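Just dropping this structure here.
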Amino acid sequence: MIPERARAILDQVASGQLSPAAALAQLAIEPFESLEYATVDHHRALRQGYPEVIFGAGKTAEQVVGIAERIASRGDGFLVTRVEVVAQVALLDTFPGVRVNPVARTAFLAGTQRAQSGRGEVLVITAGTSDLPVAEEASETVMALGGEVRRVTDVGVAGIHRLLSRSAELRDARVIIVVAGMDGALPSVVGGLVACPVIAVPTSVGYGAAFGGIAPLLTALNSCAAGVTVVNIDNGFGAAVAASRILSAL
Amino acid sequence: MIPERARAILDQVASGQLSPAAALAQLAIEPFESLEYATVDHHRALRQGYPEVIFGAGKTAEQVVGIAERIASRGDGFLVTRVEVVAQVALLDTFPGVRVNPVARTAFLAGTQRAQSGRGEVLVITAGTSDLPVAEEASETVMALGGEVRRVTDVGVAGIHRLLSRSAELRDARVIIVVAGMDGALPSVVGGLVACPVIAVPTSVGYGAAFGGIAPLLTALNSCAAGVTVVNIDNGFGAAVAASRILSAL
Amino acid sequence: MIPERARAILDQVASGQLSPAAALAQLAIEPFESLEYATVDHHRALRQGYPEVIFGAGKTAEQVVGIAERIASRGDGFLVTRVEVVAQVALLDTFPGVRVNPVARTAFLAGTQRAQSGRGEVLVITAGTSDLPVAEEASETVMALGGEVRRVTDVGVAGIHRLLSRSAELRDARVIIVVAGMDGALPSVVGGLVACPVIAVPTSVGYGAAFGGIAPLLTALNSCAAGVTVVNIDNGFGAAVAASRILSAL
Amino acid sequence: MIPERARAILDQVASGQLSPAAALAQLAIEPFESLEYATVDHHRALRQGYPEVIFGAGKTAEQVVGIAERIASRGDGFLVTRVEVVAQVALLDTFPGVRVNPVARTAFLAGTQRAQSGRGEVLVITAGTSDLPVAEEASETVMALGGEVRRVTDVGVAGIHRLLSRSAELRDARVIIVVAGMDGALPSVVGGLVACPVIAVPTSVGYGAAFGGIAPLLTALNSCAAGVTVVNIDNGFGAAVAASRILSAL
Amino acid sequence: MIPERARAILDQVASGQLSPAAALAQLAIEPFESLEYATVDHHRALRQGYPEVIFGAGKTAEQVVGIAERIASRGDGFLVTRVEVVAQVALLDTFPGVRVNPVARTAFLAGTQRAQSGRGEVLVITAGTSDLPVAEEASETVMALGGEVRRVTDVGVAGIHRLLSRSAELRDARVIIVVAGMDGALPSVVGGLVACPVIAVPTSVGYGAAFGGIAPLLTALNSCAAGVTVVNIDNGFGAAVAASRILSAL
Amino acid sequence: MIPERARAILDQVASGQLSPAAALAQLAIEPFESLEYATVDHHRALRQGYPEVIFGAGKTAEQVVGIAERIASRGDGFLVTRVEVVAQVALLDTFPGVRVNPVARTAFLAGTQRAQSGRGEVLVITAGTSDLPVAEEASETVMALGGEVRRVTDVGVAGIHRLLSRSAELRDARVIIVVAGMDGALPSVVGGLVACPVIAVPTSVGYGAAFGGIAPLLTALNSCAAGVTVVNIDNGFGAAVAASRILSAL
Amino acid sequence: MIPERARAILDQVASGQLSPAAALAQLAIEPFESLEYATVDHHRALRQGYPEVIFGAGKTAEQVVGIAERIASRGDGFLVTRVEVVAQVALLDTFPGVRVNPVARTAFLAGTQRAQSGRGEVLVITAGTSDLPVAEEASETVMALGGEVRRVTDVGVAGIHRLLSRSAELRDARVIIVVAGMDGALPSVVGGLVACPVIAVPTSVGYGAAFGGIAPLLTALNSCAAGVTVVNIDNGFGAAVAASRILSAL
Amino acid sequence: MIPERARAILDQVASGQLSPAAALAQLAIEPFESLEYATVDHHRALRQGYPEVIFGAGKTAEQVVGIAERIASRGDGFLVTRVEVVAQVALLDTFPGVRVNPVARTAFLAGTQRAQSGRGEVLVITAGTSDLPVAEEASETVMALGGEVRRVTDVGVAGIHRLLSRSAELRDARVIIVVAGMDGALPSVVGGLVACPVIAVPTSVGYGAAFGGIAPLLTALNSCAAGVTVVNIDNGFGAAVAASRILSAL
C-alpha cells in the first residue's frame, strides 16, 4: 500500500544517488502517489470498521451477490441499498448472517471488525406510513454505520398532537432525521421543537403538484425553523451518513 | 339597461307585426342582449351592497381617484387594492370617509347602501410578520364585503405552541384564512386542527428556493390535512372573496 | 381513552397529596396527554359519524381489506379512494353492503351510526368525459361524508352554451366543485356565473404542454373570477372534503 | 444588386473562355451570391408596400430616429414597436405624418407606396384593460400592414355574458386575435364560438402563479377548442403578422 | 331541436296571453334555451359535412367502435385520432370504407355528405423521420376536413439545402404546417422563406434537454421569423384544424 | 409567565371547589397554556445566552434600531442579519459595543450573559470571492452563537490544488460549512475529503443557467459524497445555526 | 449526382442558345440545385471515409438491419447508436465484421474506405460506473470516426485523489470528454487541471433532484473552469462528434 | 515559490538526518505543498503570456482599477469583462495602452510578454444585432488570448440567405462561435454547414417564453447537427476560452 516508487526516490536521496533538488522535481511530476497513501490512511481512519456500500439499483442479483462476495471474502461487511427482491433472496441464500430489510430494501452484513457501537442514537421521525421505506433505509444505514435508531412513525402535521405527545423523545434525541413527503411540513415543526441537529429527507410520496418530491424538498429548504438541513429526495441513506458524521464528531 | 331591442321584438309579436316563429329566429340571432339583462340582475343580487373593486397596481393616483369618483358619485362604495402610497394620499384628500390601510395597501369607502353586516367572522391567521400585508389585504376585503375579522398573527410552525395556545379561537372560527410564506407549513397544521373551511394564501415572503412563493404554494396544494383549498400567491383579496362566498352561503 | 395519568394527578391534588404548584410542574412536563384527550374529543365532534378514509394507492388488496375489516369490526364506516380493480373485487367479496364505484375507484361502507344527511347538495361540474374519474371521486366522497351530489358533465368551455344551458342549476347550487383538465378554463367561467363557493380541481387530463395538470392548475390559480379556490391536481377527494367543510359550517 | 461575379462567369462561358463544366464548378464554390438576388426579389414580392419594422426596445431615441430617417429617406414607411416615450416624442418631432400610439408603444409612418388596403378586417379581442397595450400593438401592426381592425375590449370570461353579447361581431370576423393574461381562458371560449382562424396572445398580466405569462401561455396551448394557435407572451406584433399572413392568403 | 318552450312563450305573447314585459322577464330567466338553438345552427354552418372527431387515446377498441357506429348510423363521417392498433383492426373489420393510417394512428370514414373538397392544399413539412407520426396525423386531419395535403419530409435544418431545394413548393403553398422536434429550428427557417401562414407543431422527439417537446415548443414560440404560430406538442390534429380554419376563411 | 389560569384551576381542585373530573375537562378545553410554560422553559434551556435574531431585510433603520433597543434594554444580545447600510450606521450610532460586518451585512451585540464560548470551531470554506457575503454571514452567526470560526477562502474546484493545499485544516475541522455558487462543485469535493459534518450553502452567484442559485443547489443535493446536507440558497445564517446545533450536541 | 439541369443551362450559354443574363435569371429561380451539388461535394470532403450513423432508438431490428444493409451494399461503413439487444444480435448475424458494444449499445462496421486513423487520441473520463454506457457510446463513436480512445473510469470528485493520480494522462490529452451524472462536478475539476478542450456530457444517472440529468447539465454550464463546453444529457455520440471536429481541425 | 519545507525534508534525507521512511510519512502529512509547485508550473505553461482575467460585474471602478494596477505593475496584461461604463473610463484614464470595447464591455491591456499570435482565426457569427455585446465579448477575449477574429453579423435564420451568402467564410473557418438568442436556431444550421468545431452561445435576447435565454439554450443543446457544443447563456467569454483551447491544441 505504501507507494513503492516514492520510497525508492527517497532511498536514492538517502544513498546520495539523487540530489534533493532532483528528487523534488521528480516528486512534483508524480505528486499524487504520496497523496494516495494519505488518502487510504485517511479513509481507514474515517471508515474504521464501516461496511462498504453497494448501490443496488440497476444491478442484477448476480452483480450484487458477486460484489458482496468479494467484499465479504476479505472480512469486511457490506450494506446494499435499493436492492430488489430477487437480489434480497439471493443475498439471503448466500450469506447466512445477512440482515435483509424488505421495506428499506437494504441488506447488511457486519464485518469481522465491527464498527464501534455506542456512538449514540438517531431519532428517525416519519410523517406518514408511505414514507416508511425511506425512513427504514435511513434506519438501516445508521445501524450499519454503528449507531442506534429510535423510530417515531406516522406523526405528520395534519394531526399535530401525535407529534407533540412524543415530545419527550424529541427533546432527548441527539440527532433527528425527519422523513416527510407531500407538504413536507414536519421538519419545520420538529426543527422548532428541538435544539439538536435536524436533517430533513423529502420523499417522493404524493401526487400532482408534489412533483415527485419537489414540494417537500422546497418546504424543507425554506424551513422557518432555522438550522434544518436537507438531503436529496428519498435519500434516506444520505441522511443517515450525515447523522453518522455528526455522531462521529461528538 | 333593459334591452330595448328585445322588448321591441316582443312588442311586435304582441301587436301581431311579427309572428312568433320570426321572433324566435330573430332572438336566436342576437340572443345575448337578453342575457345581459339577466347578468346585471344576477350580479345585483349577488353583490347586494358590495363595493366595486379597483385593482390599483399599475394605475396612477389620478386614474385611481378618477375611477373612484365615478363610482362614489352614484352612491356606491369602492375597495381599492394594491394602491400605492401616492394614490393613498390622493384618496384621503378626495374622500373624507375613506379608510386607508397602508399595510394592506387598500382603501375602502362604504356605499350609501351598506353591505349587510353580521354575516359572520373570518379568522385570518398569519405565519410571520412579513406576511402581514397579504393578511391585511384579506382582512380589509372581508370587512369591505360585510364580514368581520379576527386576527391571529405570527404563529408560524417554527414555534408551534404559539399556534396551539390560540386553539380556542381556531375551534370557534367559521372560516379561516391562513397566510404563510417560506415553507408554508401553517395551513396543513391549521387544517388538521379545525373542521371548518380553511383557505391557504401562500405569500412571496422568503428568498432563494422560496422562488417568489412557489414553495409555500406547493406546500399548500399538497397539504396532508384534507380539504384545505388554495388561492394564488399573495392573493389576500381572492381568499377574502372566497371566504365571503362561504359566509354568504351560510 | 381518558388520560388516566392526568386524572391521577388531579386526584392527588384533590386529596391534598400534591400541591397545585407541583401538579402544574408535572402537567407541564407531560402536557400532551391532556392534549390527546382534547384531540380525540375534538375529532369525534368533528367527524361525527364520518367514515375513516383509506388511501388505496400502493396498497395490496389484502392490505386494503385488512384495514377495512378492522374499521368495520368496531361499527365504523370506511371510504377507500384510489382503490385498484383487484381490491375492488376483494372488498365486494368481503363486505356485502359496500358500494364500489369503478370510475371513481372508490369503495364506501356506511358505519352503523351514519353521518347525518341533509347537509345540502354539492354540484360537481366536469369539463370533459376524461375528467370523470376525478369528478366521481369527488362525488363519492361528498356522499360518504353525508352530503348529496348533483352532476353536470361535459360542459367544457369549447362549447360554452352547454354550460350556459345549465345556468339554473348553477345558480341554485350551495357549493360547486369544478373538475377540468387541459386548458382548465371552466372554473373561471363558473366562478363568474355564481356567487356561491367554487372549488376547482385541475386534472392531469391532456398531453404535451398540459404537463400532467400544471396547465389547468395555473389557470385555476389565476382565475379572473375572484374567490375561486383550488386543490391539488386530480384531488377529487380533497375538493369533496373542502365542500363538506363548507356544508358543515352552514 | 445583381451579383457581378456570377454575371462575369456566365459572360466567360458565353465567350468560350470558360467551359460549362468549369463554370459549374466555380458557381458551386460560391453559389449564394445568386441566391441573394433571388432573396431580395422574393422579399420585395412578399412585402409589397409593407413598412420596415424597427424593434424599439433597448434602442435610444437617437438610434430609433436615425434608423427611421434612413428608411423614410428612400420613400419607405416604417413601424416602430416597443418604442419608449422619449423616442415617441422624438419621432413626432421629426416626422410630421407619423402616427404614435402611446398605449401600443408604436409609431407608424406610411410609405409613399402604401400597402394595398382592403385586405379585410381583423377582430382584436381583449380579456381585461390591462391587456390593452398588447392588443393595441397588435392593432397598430395590422393597420400598418394594410389591414383593418375592430376591437372588442374587456370581455374576459369572469363575466362571460360580456363576450356573448358581442357574438354577432365574432361570427362576422375573418381572423380573430385574442389577447388575455391571468388565466388566459378567453381564447378557448372564443375558439369554440367561431369557425375562423383564432390566434391567442398570452400576456404577462397577472402576478404570483401567473409567472409572467406562463399560465395563460399554457392555457392557450392546451385549448380544448381545436385549432387555436398561439404566439409568444405579449407578442401582439407577431399575432398581427400572423393575421396578416392569413389575410394575404385570402 | 327548436326550443319548444321559447316558442310557447312567444305564442303566448302573440295570443295576448302574455305581455311583452312578462315574456322578456321569463326569457331572461331561462335565456340559454334560445342560445342552444343558435349554437346548433351555428355549428352546423361551421361543420358543414365535417366528420365528428373521436379522441382514441385511453379508449378501448369496443368504445371506439361503439361511438363510431353511432355516428356512422346517422350518415355522418368520423375521424379517430390516437387510435391504438387493436382498435385500428376493429375499425377495419367493422367499416369497409374506413381509411386507417397506422403511422398517423388515425381512422377516417367519410360521411354520406362529404365535406366540399377543393378548399386548397396544405403543405406539411417534417424535420426528421421520427416526426412523421405527428405529421401524418396532421395530414389525415386536413384531408378528413376536406383539404388536400402535400408532404415535404426530412428536411431538418442540419442539412439546410434539403429544405432550400424544395423552395418552389414552399413558395406555392397557401398554408404550411411545420412539424419538428429536438431543436425545433425548422419553423423559423420556413417562416423566413415564405409569406403564407405557418403553423409550427413541436414534437416530443428527442431526449435529455428536449424535455418531451419543451425545447422545440420554446423555439417555435420565440421564432425570429415574425408571424409563426404554434400549437401544443405533438398536436398534429390541432395544427390541421387551424390550417382548415384558414382554408375555410379563404 | 406561569399560566395563572392553570394555577387557579389547580388551586380550586386543592380547595375542593372543583372536582378532579371537572378540572380535567377544563384543562382539556384550554390545554395550551400549560404548554406555553413548558415552551418558554425549553426555549430558555435551548437558547442559553443566545442572542435574539432580527431579519433586517425589508425593515427600515428605525424599525431595526427600535427592535434592537427593546432587546438590549432587558440585557439580551441581538444579531441582525441582512441589515442595510443605513441601518448599520444607525446601529453603530446607538450601540457603542455593536460589531458591524458590512460584508456579512450583520450587526451583533453580545448580551450581558454571554453564550458560553469554547463550543468548538466551524470551518467556513468559500469557493470564490463573490461568495464572501454569504460566508461572512455564516461566520458572524457562528460567532454570535458562541462558536469560533476559521475561514478558507477562494478555493473553488477550478484550481483544485488551492483546496488540497489546505487539507490539514480540513481534516482538523469538527464541522464544515461550504459556500459555493456557479457550478457548486466544492461541497462534493470537500465531502469526499473529510469525515466530519459538511453543510453546503449554495449561493446566487453566477448568471444565465445558474438561475439565481438553482444550479449549485441541485449540485449540492446530488452530491456524490454521501452525507453532505444542504440549506437554502444564500442562507449563511441557516448553515451557521445548523453548525451550532451540531456543536451544541457535541 | 451532378445537377443535370444546371449543366444544361451552362451548355446553352456555351452554345449561344442562352444569353448570360437569361442564364443568370434562370439560375436565380432555381438556385438550390447548384447548392445540392456543393453540399454533396462538401459533405464528401467533410465525411471522408466516415461511416453513416443510424439512430437505433425506436427502430425495430428489421429496420436497423435493412438500413444497414443498404449502406453496406455500396461499400460504406455504418455506426448504429442506441441499438437494442435484439437488433444487436440481428446485426451480428448479418454482418460478420460488425463490432457490437453492448454497454455502449452501438454497432459499427468499417467501410471499405476506412477513415484515416492517426487523428489523435480522445481521453474519455467517467465519474462513476453508472455513467459507463454514455462514456462507451462516446468512445465507440470516436473510434468509428477514425480517432483513438483512452479511458479513465470511476474518478468522481467524491474521491478526488483517484482523479489526481491520473493527472499525467490528463495533461497529455489533446481532447477530453468528461462524462458525469449526479452532481456533475467532474468537468469543472478537469477543466481546471488541463489546457486542452474539455467537453462535458451530463448523464441522467441519479435520482430525486438530479431531475433526469438537469442537475449535472446545469453544473457543467456553470463550470467555474472557463472554456468547458457542454452537450445534451446522455449525448455521448454528440460529444464524440465534437471531439472529432476538433481532431479534424488539428 | 519552491516549497521550502519539502526541500528541507529532502535535504535532511540527503544528509542522513531523516530516514526515507520518516520522510515519506512526513511528506504524506503535508502532501499538497509539492502539488502547489506542480500547479504553478503547469499553469505557467498553460497560460504562457495570457492576460489575467477580471470579472468586472459587481466591482466598483476603484476595485477594477486597483486589481488591474497590481497586475500591470508586474508586467502582465489583463482582460476585464463585464466592466461598467464608469470603470471603462477609469481604466482609460489609468492605462494609456488599454483597449476598451464599450459594446463588449471589455478592457484589455497587453502584457509586456505578449501571447504568441498566429494561433489562427475564430469566426464569430451573430444572429441579430441585439446579440452583439455577447459576440463582442467573445471576440475581444479571443484576441486577448492571442487569436484572431472574423465577424459575420446579423445572419439569423429568419433570412437564411444572409447566412448562405457567407458560406465561403464558414467553410474556411477553423473554429466557429455562434451567438444567438430568441429561437437560437442558428447554431444548428451552421453546424450542418461546416465540419469544424462549432460552439454555441445562447443569449438572453428575447422576451416572454425566451425565459432569459433558456429557449436558445435548449435549442443549442438539442441541435440536430451533431457535435455542436454549448456554453452558458451570454457567456461570450467562455466560448472564446473554449475556442482558444482548441486553437492551442492545433
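Each chain gets a letter, A, B, C, D, E, F, G and H, in the order it is written, and its residues are counted from 1.
Here is the rule we use: a residue touches a chain if its C-beta (ideal position, glycine included) is under 8 Å from a C-beta of that chain, and two chains touch if they have at least 3 such contacts.
Predicted, not measured: the structure shown is a model, and the values here were computed from it.
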| item | value |
| --- | --- |
| Chain pair with the higher count of C-beta pairs in contact (A-B, G-H) | A-B |
| Chain B on chain D, rotation in degrees - Cα superposition, rounded to nearest 5 | 90 |
| Relative to chain B, chain with the most remote C-alpha centre | G |
| CA centroid of chain F to CA centroid of chain G, Å | 50 |
| Approximate Å spacing (C-alpha centroids) for the pair chain A, chain G | 39 |
| Where chain D and chain E are represented by their mean Cα positions, the distance between them in whole Å | 25 |
| Two or more partner chains touched - positions in chain F | 29, 31-32, 35, 38, 159, 164, 167, 208-210, 214, 217, 221-222, 226, 232-233 |
| Which pairs of chains touch, using the document's own definition | A-B, A-C, A-F, A-G, A-H, B-C, B-D, B-E, B-F, C-D, C-E, C-F, D-E, D-G, D-H, E-G, E-H, F-G, F-H, G-H |
| Chain B to chain C touching residues, read off their complex | 42, 45-47, 53, 164, 171, 174-175, 195-199, 217, 221-223, 226-233, 237-242, 244-246, 248-250 |
| Residues of chain H touching chain E in the complex | 127-128, 156-160, 164, 182-185, 188-189, 191-193, 206, 208-211, 214-216, 218-226 |
| Residues on chain E engaged by chain C in the complex (per definition of touch) | 29-33, 35-36, 38-39, 57-58, 204, 212-214, 217, 232-235 |
| Interfacial residue positions of chain H with respect to chain D in the complex | 130, 159, 161-162, 164-168, 207-210 |
| Touching residues on chain A, where the partner in the complex is chain H | 2-3, 6-7, 10-11, 13-14, 16, 19-21, 23-24, 27-29, 31-32, 34-35, 37-38, 41 |
